[in-house]
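Chain nomenclature is as follows: A, B, C and D, assigned in order of appearance, with residue numbering initiated at 1 for each chain independently.
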């Protein structure tokens, strides 16, 4: 929670916007004269509660109600971290579903007997009774200036707080449900981002890039060059805020090294002659939208757009990190020791002297000899990891693998030393993997993975994994 | 259901769009080889059912699932009216909530006892179990080209069908809930429409105007002249489809006659000198969005925009029809006869000869003498109607009055012969009414009306109504 | 000069715009207190002259000078036709080149002797001295609101006036030179016009269509249907004013009848399957730009755009009127009589009784027998007319033929009864012609026509013309 | 001529664009098979000459001619510096006006005698004959992609070359005339530039800022903050290339120090409360447009826009450098010595020891004592400099002063140590000046300066200058 004195993601400048807005709406009488104290002591919390009550009652015309909600939002923004948590707790505990209404609806349902229509009506009433009352308030924010962004960031603050305060979890989950409607895929714009895009949007890419850090505006410009493509989903209410974005390189042959892709001095390829589009970075940008999935659709859309623009493209693949590899291998090593290695690998390595963990540590520190010596065994283990390591529910153990396999891609190729950055070395000794998206196989692959946990992989990967 | 050989609102050309789209998505194997028969006999209905099953199961990646839904949508579009109703019945009855899941969730809830957290979790599960399964399918349409418009028009067809087939009502209601999220006010654009707007959008105004018919492009141009304003709410997925629109005249003094406003030969007023904005027509344009309310917000937004653009505007009022007046007065007459009139009115009218109903009939036929003679008593009765006639729930009897009173306006002035069209004469003997929106009073008026049924009215109207 | 009480093309509402503009610019002291009389009698003309003097002197800052010009423009707009002509005469005669300066420059040039550099400088000075002084004033209009349109329409009024007042011709010609810079092809936008275009622009198409009248908004909508294209050149200063526009039909096989193309009930062709683009109407829209040529470039651009959009298009042709045919044939008839006909044609026609002119008159009146009987001889004469009739300078006699031949097209095919409108029958007995644009031949054809007057034609036309 | 291996401003990548374009236009036969040698030896120059001949002859259709010009442009771009100069020399000397035509026109004019109309016609012919033939070629570039930018940069290369090769000057001057038409003020867009502008445009600001260097994207962002405004003129053919831009700070009271304005850590002012707009930087961005003036108009437009947006603004002033001050003072010192100082100033300064030049040198090196001691005398001399120092033609000696005085501003206030940068210290010992634009005085001020050289100044400045 850096960057704000009160430790919130939500900047307090928004408070002025909300105040200005409710002033303009001519509803000044909702301005409570006194300020709340920043940590919201009980007395002030009681005042907040009665304002929440008024919002949820929602008597009168819609515009007035929304002005009242704006005022309450402004108050939230003026709180410090303690105050904000107390505010959320008040909302989560005081404005959940109406217990009496639920009980009445249950009783009604119980009394229906065999009358199907009556039962259906009673279920309907029960369904309504089970809706938390806070929804009335949350919905009133959508029309405020920056109101949708407010709700997204509010959920991020709920997620942050729910660890310590589990009561908030139901609130956070319910807000996710509302947001999942408002951020339905059908409401998003796929936008190409390039060097002609607004600086205001571009600086968000720099801030949000989660896979391979963007180091400067020059680095960014290189990633938006004529042989690159960048696409994002945007929401109409947040025109300068990407929800998710993907960076693509147009190359000849599947790229093996992200370091080469990010080399600003490398010459640009003529995109009309490229045969492969490599998706080398996908970043979710809004923490408040956690649990709402955009990635599968983004990739499919981008493939469609690129196929139309550049008919010479023959394959669509990723160049992806393997974030879970290192930890998994170490666990295997601690369990199985050198049994993990083949006889010839054991012979080739100076294991007797120091043990496998030490060799891995040397590799991480950049020992060139280890780079050569461990290439084969680690690549082999990585193939095994990606094709057979599992989590509960038969999911692939590696989260990135799970994402692409769900989308219908297959594990295509491993690339030794594809990412020499500190992060790359730490999580996978620099190994990267290409996942391949073949239009004709996607439906079968994704269904097979979803139903039976079948992991699609190239012949080469499968034979590596078997060794 | 005019304008389509199969009697649907949904044009079958959309079927081609859906087919083209799923072709492009590379999922041709979802094309069922044979056509369905247009009236969907049982055998074909069974095929449809199994396709619905596959959609609702939603195994595999999102893009493939949505292509499958597109195919099902295409099939619907190729049906005739009988077939479409059978299709909707299949969906409504075969894909409602899962009864077993509901029962399990109820049992779980019953077993919770006093454990608040466990109960909360159980309520959550019950809430989910109460969601109909058809939602999975309906949601898949949002990303298709024209998919949102498809859903809106699909609901219009459900509304049409539910009279004869009440099973469809639950489906139609549930779709309204989904649409109310996707068409949340926060997602709408307020757009000014003028003579520079796309012809494609303007022709929709001509088609959808519900209050005072637009007779030609010249009539339309006159309504978009420099002393007029027209605003609409649009949805980002339907850029050429107004959801609701309002027509405003900038005038000096509150307008009393819509005939004068629509006179194409009248000279334009300089908008910078006008003191009054008259809202003389508000039309809801999408029948499939019935029950989702945009009007209050539209009016408040437009007032805000106009105040900013034209600081000399002093009042904001409507010039509205009184659709329920004539019927109400006739009922009063049949009950109370000439008791409705004051003594002096009775004296002034030649009632002895023919009775009040005959006089009213003459007036409707344009009898000039009656125009003079009945002006006073009918205006008086109209004032009484608007301020005291009620429906259940203490609502104003007149639907237009109810709308504006809910929004916080007050009944301001009655205008004799404000609308000489056939419709105007039939529903209210040409009487029109101005509702006045005063920013400072809106919150009080709307809350008073909502809670106690208090109807705000000008001094003049109140004293008329008392006579 | 219809449509304005004073008979000008320039609407006086522009005067308010100019006045408002110079007010806003804070240069009110240029408002001359009294109005000018509408016919500009001598006394008022003297006042105008001194205002022109001030404009041309252009002392001080640019913004102030342009405000002064706006005032003068406003005065012009308030004059009647007589007054406007007197205004133009004052400008044309009083603010031409400075005679003394020209004489001085000539003297200087004469004194140069053999010094090349000195002579070059002297020529430069002479060139400047030969520039009329009115240019200073005309240039000041470009930044006014609607100022460029003002200049274009001002030239149209000059063209109208120069017949009676030849002094104005030099002014009109010089303004054409300025406009030819400001409307350089490089500054124009090629814009596709369709049913999503602003109504404000579309109504201009209805007003300006010069070849086949647009009868209604429905007719227009049909011309913008999915199997039609319409493109226009627009100028950045006149966003709703097409300079020239072309209407294209996408068809299979070269269209032979404009009546069929304009039939609103005919079904639309799928543009992706069409093999031919037929340019069936090209209209220049701004009379004030007479003598500045846009047509050649428009056609070439549109061909390029269509080739890219619709790769299945195989040929690009026009369907054109032959405006000069009827008059030319009648002259031939009056000179050569029945010698024009072949022996067999003479035999086939009932000439003996009435003479050729009578037969032609019957045809014009719609005599079905004549339609059959004269088809062959008139088609043959039309081929001869298009390939051999000339004006001075070796130009093709027919103006439409001259336009397309200059552009590099060839005469391809004649179509009997291609245009049954009154105009079509009057100018060419319904005959229409296709000109074919073949990318590979354009350069050779246009150069051949420009240098040697060579007229390119298909084999069929050439053999017809020889008969 | 930095940044290109051949030392040209024009990047050779444009060559590919031109080639691609003429390929697309289907005019491949204009591709000359062999490449030219980069330095254009005589043999190759002869080939260029004959291609120029073909362009200037311009036989045939416009589109083909422009493709031919594109080819010639491509050839130019592939030359090195020597070759480019030889190319320009060929054009300048071989395609100037037609000497014979000029002589014929002069003879005709001489033969006119007293016939006014004949003489007018002859002058017209002479005016045309005096037009250089290269214009035909130059005009053909306007429609090429990036063609207008090509012409602008071509002129920049001409300006660079004309010092050594005076023959090129006539060509460069004539191109300025053409450009002055195509970049007429009426064709420019005033665009506000802010943080939402395309990065592609913003990076040009960084490159072109000529007064106070933009050090980073953060510095740029600060200059586009909510209390800043930046406006540029753009040309429709060069959407990402500002022609001229101005940076404005919204402040309270006239700003005295540019260092404070550029301080990234200073808090932003609420623009709605600011009373003064300070124009602190104006940069011309296109060297090829030297001699075409945009600044006066830009300032006036921006004042108009700001007045409308922020009605609370009371004054509009610059904060400007005084580039000529230091040199002028030193000359005065060398001529008049300490006579420049008043008696009291002389007493206050330790002149006896070192002489005035040494004191000035110390000040330049940042000597704090000198900052105090010289403040008064240098400010006084600056006032005298700005109000009385002149160049030929009665122009103010300081070029920045001349610009603002021509525009109608007045010298308002001097600011000691307003610019502590190296440049600021070097040219004016950190002194800056505010010029004040008062709408009501502009016309009088600019006319007075233009006619009589009257320099407007505040009372304070005038009294300082008199001391």
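Keep this in mind: a contact is a pair of C-beta atoms (placed from the backbone, for glycine too) under 8 Å apart; a residue touches a chain by one contact, two chains touch by 3 or more.
If you're wondering where the values come from, they're calculated on a predicted model, not measured in any experiment.
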Neighbours of chain D that also touch chain B are A, C
Relative to chain D, the most remote chain by C-alpha centroid is chain B
Expressed in whole Å, how far the mean CA point of chain A lies from that of chain D is 50
Chain-centre distance (mean CA atoms) for chain A and chain B, in whole Å, is 38
Chain-centre distance (mean CA atoms) for chain A and chain C, in whole Å, is 60
Check: chain C positions touching at least 2 other chains come out as none
Contacting chain pairs, sorted by label, are A-B, A-D, B-C, C-D
So, in the complex, the side of chain D touching chain C is made of residues 24-27, 29, 59-64, 96-97, 102, 106, 109, 117, 120, 123-124, 126-127, 130-131, 139, 141-144, 147-148, 166, 170, 173, 178, 181-182, 184-187, 189, 236-237, 293, 296-297, 300, 304, 406-408, 439-440, 442-443, 446-447, 450-451
Within the complex, chain C is touched by chain B residues 195-200, 202, 217, 221, 240
